[in-house]
Each structure stands twice: as C-alpha cells, then as structure tokens.
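Same chain, two partners: subunit A is paired with subunit B first, then with subunit C.
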Partner chain A sequence: MFTEELKAFRRLGFRHVLLQVLNFASVIASGLMIWKGLGIVTNSESPIVVVLSGSMEPAFYRGDLLFLTNPSSEQYKTGDITVYKIPGAEIPIVHRVMETHDVPKSIDIRKYTKSKSKSKPQPGEDSKQDNQLLLTKGDNNYVDDIELYQGLEWLEKKHIVGKVRGFLPYVGYVTIAMNDCPQLKYALLGGLGLLALIQRE
Partner chain B sequence: MHSIFARINNTSALLSSCMMALLAAIALSTLVFTARPEGNVSVASVQVYSGNTRRYATKRQDLAFVDFNITADFAPLFNWNTKQIFLYLQAEYNTTTGIKNEAVIWDRIIRRKEEANVNVIGKNKYNLRDLSTNFKNAPPASYSLKYNIMPYVGALTYGEAARTSEPVAFPPRKTRV
Partner chain C sequence: MARTKQAAAGSSNANSSSVNGSQKARSPSPDPSDRPLGPLAVTVPAYDREVVKVNNANLTELKNACDDAVKRFLSRPELFKQIYTHTDVRLGLGWLSVFVAAGTAFYGYKIDFEQSKPVVTVGLILYIILTVLSTLYAYFVEGDTIFVGKRKTFSKRIITERITLSSSTPPTPKASSCPSYSVSLHYVRSTNGGKTLLGRGRTKGAAPYNKFFDANGVMDQPAFEKWVGGLVETAMDGKAA
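Right, the complex of A and B next:
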C-alpha cells in the first residue's frame, strides 16, 4: 500500500525525512507555546476546560467548552461560576459560588478552616487582597458542595483554577469521547501522525 | 485540486471558518443590548434560631430565616442569544470584626421570556449562617437581587436588579419556635 511512498522517500534522501520530522516538531511546539501563553495571560493553570458532569444544567451540558480567567487582584463574588480542584481529587468541578467571606489579613484564617498545619503562609503566595472563604453549589444540585470538599469546611482562593468568562457549546465533546473510548484517541493520533509524515507539501 | 482528499480538505476548512465567524458575530451582537431591568426587594421579617447544619448534626449554630417579597421584570434581557437568566437574592453585611460576608439565600433559573416577570413572596432556600456561629457581631444586612445572563455563545454578564432601600437588622436569637 505504501510502497510508492517509501520509494519516493528513498529517492529524496535522509535529509527530507529529517525536515518532515522538524516540521512536525515545530507544529507541536507552537501549539504548546500558545497553550502555555494563554495560561500566563489568564493567570490560570488550565484556561480552557470541558464540562464533565451535568451538575450545572441547564446552563452547561457535558461537552461544553469554558474559558476561564483567574484574576489575582480581584475577589470572587457570589454568582461567579468557578472551576475548582480539591487536593486529593483529580477532577476539576464547575460550580457556582454561593457564599463568600472576605477575611482581612489581620485575622488568622486558620481559625475558620480548622487547618492543622502550623506553617505560616508563604510571603510570595498572596496578593494585596484579603483571604476568602467560599462555598459553592451546582445549579442542578439541591444541596451545596460540602460533601465534595473531602473534609474541608470552606474553599479558599488557592483551590480555584479560574472563573468562567465565556462559553462555547458542544465543542468539547471530542475530548470526552476520547477519554471514554481510548481506541478512538490512539486511532486519531496515529492517523494524524501518519498524515503529517507522508504529506509532501 | 481535483482529488477527493483536496476537495474534502477545502470544504471543511471553509466550513469551520464560516462557523467560527458566525459564532463570533452572535457573541458580539449581544453587546448592543444594554437593557437594565428594574425591580423591588423588601424583607418582611428576619428571625434567628439555633439549629444544626447538615454536616455536623450535633453542632449548634445560629441560623437566620428571612421572609421577603421580590417583584422584577427581566423580559428586556431576553434576545436571540440568551439561554437562561440565573437570579439570586443575597444578604450582604460586614461584621464588626472586619469580615465581609455575602451569602445567597434564594435563587431561580428563568429560561423563557414568558417566565421573566418575577413576583415572589418567599423565604430563604439556603441556610444563612455566620462564620462565628452567631449573629451578635452582625450589623444590619442589605439584601440585593442580582442576575447572571448565560448566552448560547459568548461571554457571561452579571448585573444587579434591585436592593433593599435600607439595611435590615438581625434580631436576637429566639429560643422557642
């Protein structure tokens, strides 16, 4: 099937193959640069996420794409839709903020979070804003998220990946399909790789 | 230019560019609308009782129960790009210890223009409690009705529709219902 392609390769020489590989690598590298650059601009570790659960219906369905920002100079307000990650759980959760409590720096926030750690907060970690304690709830759930917090009483700013600013429906379904059915992922990646290598223009 | 592969390539490239342009146009077109809905919020009564919250069934803390009236019309906010409007009534107060609190006590989702006229006499859906487990340090609170417009495509917008004209105080705790 590929004998013609292989013959053409041998004719063009080893350099040509190297050039193709370089093209491939530069495409991947520029994709990565754009992703990381977006992460820096929005100050969020993952500025584009796919909705995984149905707990925010009818606003967001599984497979919708969300654009996040994480302004360090702004406080979160009630009504903001935030994506957060509980340490110990790998899945980011998209829910709405129901309560905010802004605790000024003069009060030790550990009194309210019942945190057992004795360490003081790192100097570079915080901005000029007060600490915040947040409680969230999904629109489609009857009760708030306390059970999801894995022992925490309140969420803090450090748990939050970002706040939802914009929204694109259905586009993310490809990622969910690829996660549910890994053969699809390998088939797609394999097909793309093969196509990139045998293309000659 | 005449192989099937090239044809599919060109068609799909054109399709995706047109689709992106259309979505961007829809998202930007909603910037034209600057309607601001008006409404009215008034609090009929606030009562404070001692109760339990779900998580720790034996820990008592003060919970505030609020009865309120809301009237508002959100019909001017509905256009071709509005998927739903999320309304929420929140209590805002700053305690004497310096902590600023905002807590949502009631919310509603409006999906169609016909439901956009809101006239509610109700009580809080969610527990209103303070970090210090009592309301002794809590000054009178303002209650505000805010909304969040969720579009089919584009950016989410927020706004405030109404606010109580003067702050409402938390009464001392009642021991008997």
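Right, the complex of A and C next:
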C-alpha cells in the first residue's frame, strides 16, 4: 500500500512532500491554537473537562463533558458548581460551592488559609474584586471536601479552574477511553496523520 | 511524426500573421526564426512513463492528475523551468504559523496559566494573522495557477519567456455528460532583460476528462501532452484562441 505513495512522492518532488507534511502539521497546529484560544477567551486553564467520578450524581455522571468559564470579575456564590485544582493534586475536582466568604483586598488572605508559602500573592489575579474563601462538597458525597484540600482550610479563587456553564452527556467517554488505553490515542493520531499525508487538496 | 510549421518571414514580432511559402521541418535545434522551441517539438527519447491511474469518479484526483501531467510535461529539459514562488510563499507562511503555534502551546504548557496569558495571546494573534494571510494569498494571488515557468534561450539574442497556466473544472452544463478540464495560458516573450516585448499570447482550452482517461482511470498521457502542447504552441505563436 505504501510503495505507491512513496513512488508518487519521489516523482512529485521535495516541495510536494513538504506541502503534505504541512497539511498534517497545520491540522495539529490549528487544534492546539483553538484550545489555547478557548482558554484565553474563557480565562480558564482548561475550559473543557471530563467528569471522572460519580461524586456529583445525579447532576453529572462519569463521562460527561463540562464547559467552564472563569471571568476575572466573577464572585462565586453558594450553589455554583466549580472545578478546582489543589496544588499538589494531579486531577481537578468538580464539586458544588457550599460556603463563601468575601475577603476585601485590604486584608491579607493568608491569615485565613494557613498557607505555608511565603510568597506574595501572584500578579495577574484580579485586583478589582474581593478575594474569596470557598468550601465545596460533592452532591453525592456525605462529607465536604476538607479531606481533599491537602491541608488547606479554604479554597481561594486562584485554585478555581472555572465555573460550569454547560455540559454534554456521554461525550467524555472518548477521552476516558483514550486515557485508559493509550494505544487508542496513538491509533487515532496515526490514522489521522496517514489520511492527511496521503490526501491531496 | 515530423511537425511542420509556417515560419514568420523575417519579422521579429511574433504576433505578425504573415506567412512565407517555405515550410520548415521541426528539429530539436533552435530554428532561425525568432520563435523558440515549442513543447511539441522537444521529443525526449521515450522515457519510462509511470502509469498514472486514478479514481475515475473523483474529480479532484482527475484534476490533480492532469495538473501533474502538465507540470511534468512542461518541466522537461529544454523546456520551461518551473518557478516555485507561489508554492514557496504558501510553504513559508504555513510552516511559520505551525512553528508559532507549537511555540505558543509549549510556552503555555511550561508556564503557569496566569503568567503565560499575555505571551499566549500574542502567539494566538500572530497565528491568526499568518493563517489569514496564507488563505488570502492562496485565494487571490495564486488563484487557479498550477504552473509558472520561465525559459531563457539564445538565438540571436537572449530571449526570456514566461508562461503561466491555470486550470479548473468548470461546472458541467446539463447537456454534456462528462466534466471537462479547462486550462488557460498566458505567455510572454521578451528580450533585453525584459524591457523589450517580443510577443504575448493568451489561450484557453477545454476538453472533457473522458478524452484522456479510460474506463479504468488510466491516463492517456501522450494524448494529453499533445493537446496541452498544441495549446502552448498556439499561445507562443501569439494567437488568442
């Protein structure tokens, strides 16, 4: 199957090969850029996430796709469903906000968070809105998330990846399958690459 | 098959339609008249043509096969040398945008989200600009062009020729049963470093695909080359068809 293609490449010359590889590379590049662009527009590190556990049933089931935004002027309220990431934990968690406390900028929030870090608050965090201390809990869990906070007493806004705005059921199973079985990921990528390299516009 | 041609009498203007009585037999060496070799005259010894077989039902493949045959036909030695400007611009812009995208994504991966935001935004905007530029170039400047070739010959003086071919598959009218391949040529011959115009020709031609492809999709390359060569020679003679 490949001898025909290789013969064709040799016949058509180096520039043609470059063009075909460019086809493939630009598909990947545009995918990356769309992802990054989405992240910038929504101000969220990871604007689309997949639910991995059943701790938010019956609202979200394992395999649901969630769409997040994180506008810098957002003040989270009780009842919001947020995705947060604890530094030191690998995977983000999606749970509901139970308690919020607004901390005006004049007060140093580290007094309340038992944070061991000596560094100053990072620039880039919104300085127009008050900072907040949050407590979350999964709908399907019996206890709140203190155990998951790895020593922190409260979540701060900087830990929040975003607030859930919408969801698509079942679509996330593709990602779960690709993570559990890496061969699938390579097979998909390889198939796509082959298609892009062989086809001519 | 010895091809005969009417030689223009003594006039250096290729557009002149005056004809003298003598008929010249075609030969591979430049003939005394001012008109350089046409593609049909250059008979390269029978080389191993690769069989071109395409999917008959796929219009894109048919057109691409014809385009490739044109490029091969006109790039033979003694004939035009292909100018790759359009391809190079597309390649350059395309690969630049790929590298910008890769760099931006890598930067965003290494650095924290909050700090990386300004750089990633800049990279994103740069990528969008490059992609838009590349698309606009391909659509407006390049258009349907498939071949741009240049040739310098020396008969009495250095003659520079430039030929541009563009091809398309126009929508088939309901009456005909087979889509056709339409090619249009623009040919300029000049000397003195491009300052003196010797001749110019524009030709258009169209032929249905089934003239060159049989039922299995095998391309009849000699027939195709004869047809294209005829069109090129018409353009070289300066007749607007």
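Simple rule for what comes next: the second predicted complex is superposed on the first by the 190 of 201 C-alpha atoms of A that agree within 3 Å, B and C clash if a C-alpha of one lies under 4 Å from a C-alpha of the other, contacts with A are read in each partner's own complex, and residues count from 1 in each chain.
We take it that contacts are C-beta pairs under 8 Å (C-beta built on N, C-alpha and C of every residue); 3 or more make two chains touch, one makes a residue touch a chain.
Note that the structure is a prediction, hence the values are computed from the model and not measured.
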{"item": "Which of subunit B and subunit C A:M98 touches, first, second, both or neither", "value": "first"}
{"item": "A:L18 touches, of subunit B and subunit C: first, second, both or neither?", "value": "second"}
{"item": "Which superposed partner A:K36 touches (first subunit B, second subunit C, both, neither)", "value": "second"}
{"item": "Partner chain in contact with A:G190 - subunit B first, subunit C second, else both or neither", "value": "neither"}
{"item": "Contacts of A:P58 with subunit B and subunit C, given as first, second, both or neither", "value": "first"}
{"item": "Partner chain in contact with A:I81 - subunit B first, subunit C second, else both or neither", "value": "first"}
{"item": "Touched partner set for A:D139, first subunit B, second subunit C, both or neither", "value": "first"}
{"item": "Subunit B versus subunit C as contact partner of A:F167, first or second or both or neither", "value": "first"}
{"item": "Subunit B versus subunit C as contact partner of A:S106, first or second or both or neither", "value": "first"}
{"item": "Contact residues common to both interfaces of subunit A (with subunit B and with subunit C)", "value": "none"}
{"item": "Subunit B-facing residues of subunit A, complex", "value": "58-59, 77-79, 81, 96, 98-104, 106-107, 112, 130, 133, 137, 139, 143-144, 146, 164-169"}
{"item": "List of subunit C residues in touch with subunit A within their complex", "value": "50, 60, 64, 68, 84, 87-88, 90-91, 94-95, 97-98, 101-102, 104-105, 108, 113-115, 117, 120-121, 123-124, 127-128, 131"}
{"item": "Contact set on subunit B toward subunit A in their complex", "value": "23, 27, 54-55, 83-84, 86, 88, 90, 97-104, 107, 109, 111, 126, 131, 146, 148, 150-156, 158"}
{"item": "Parts of subunit A lying in touch with subunit C, wherever the complex brings them together", "value": "7, 11-12, 15, 18-19, 22, 25-26, 28-30, 32-33, 35-37, 39-40, 45, 122-125, 158, 200-201"}
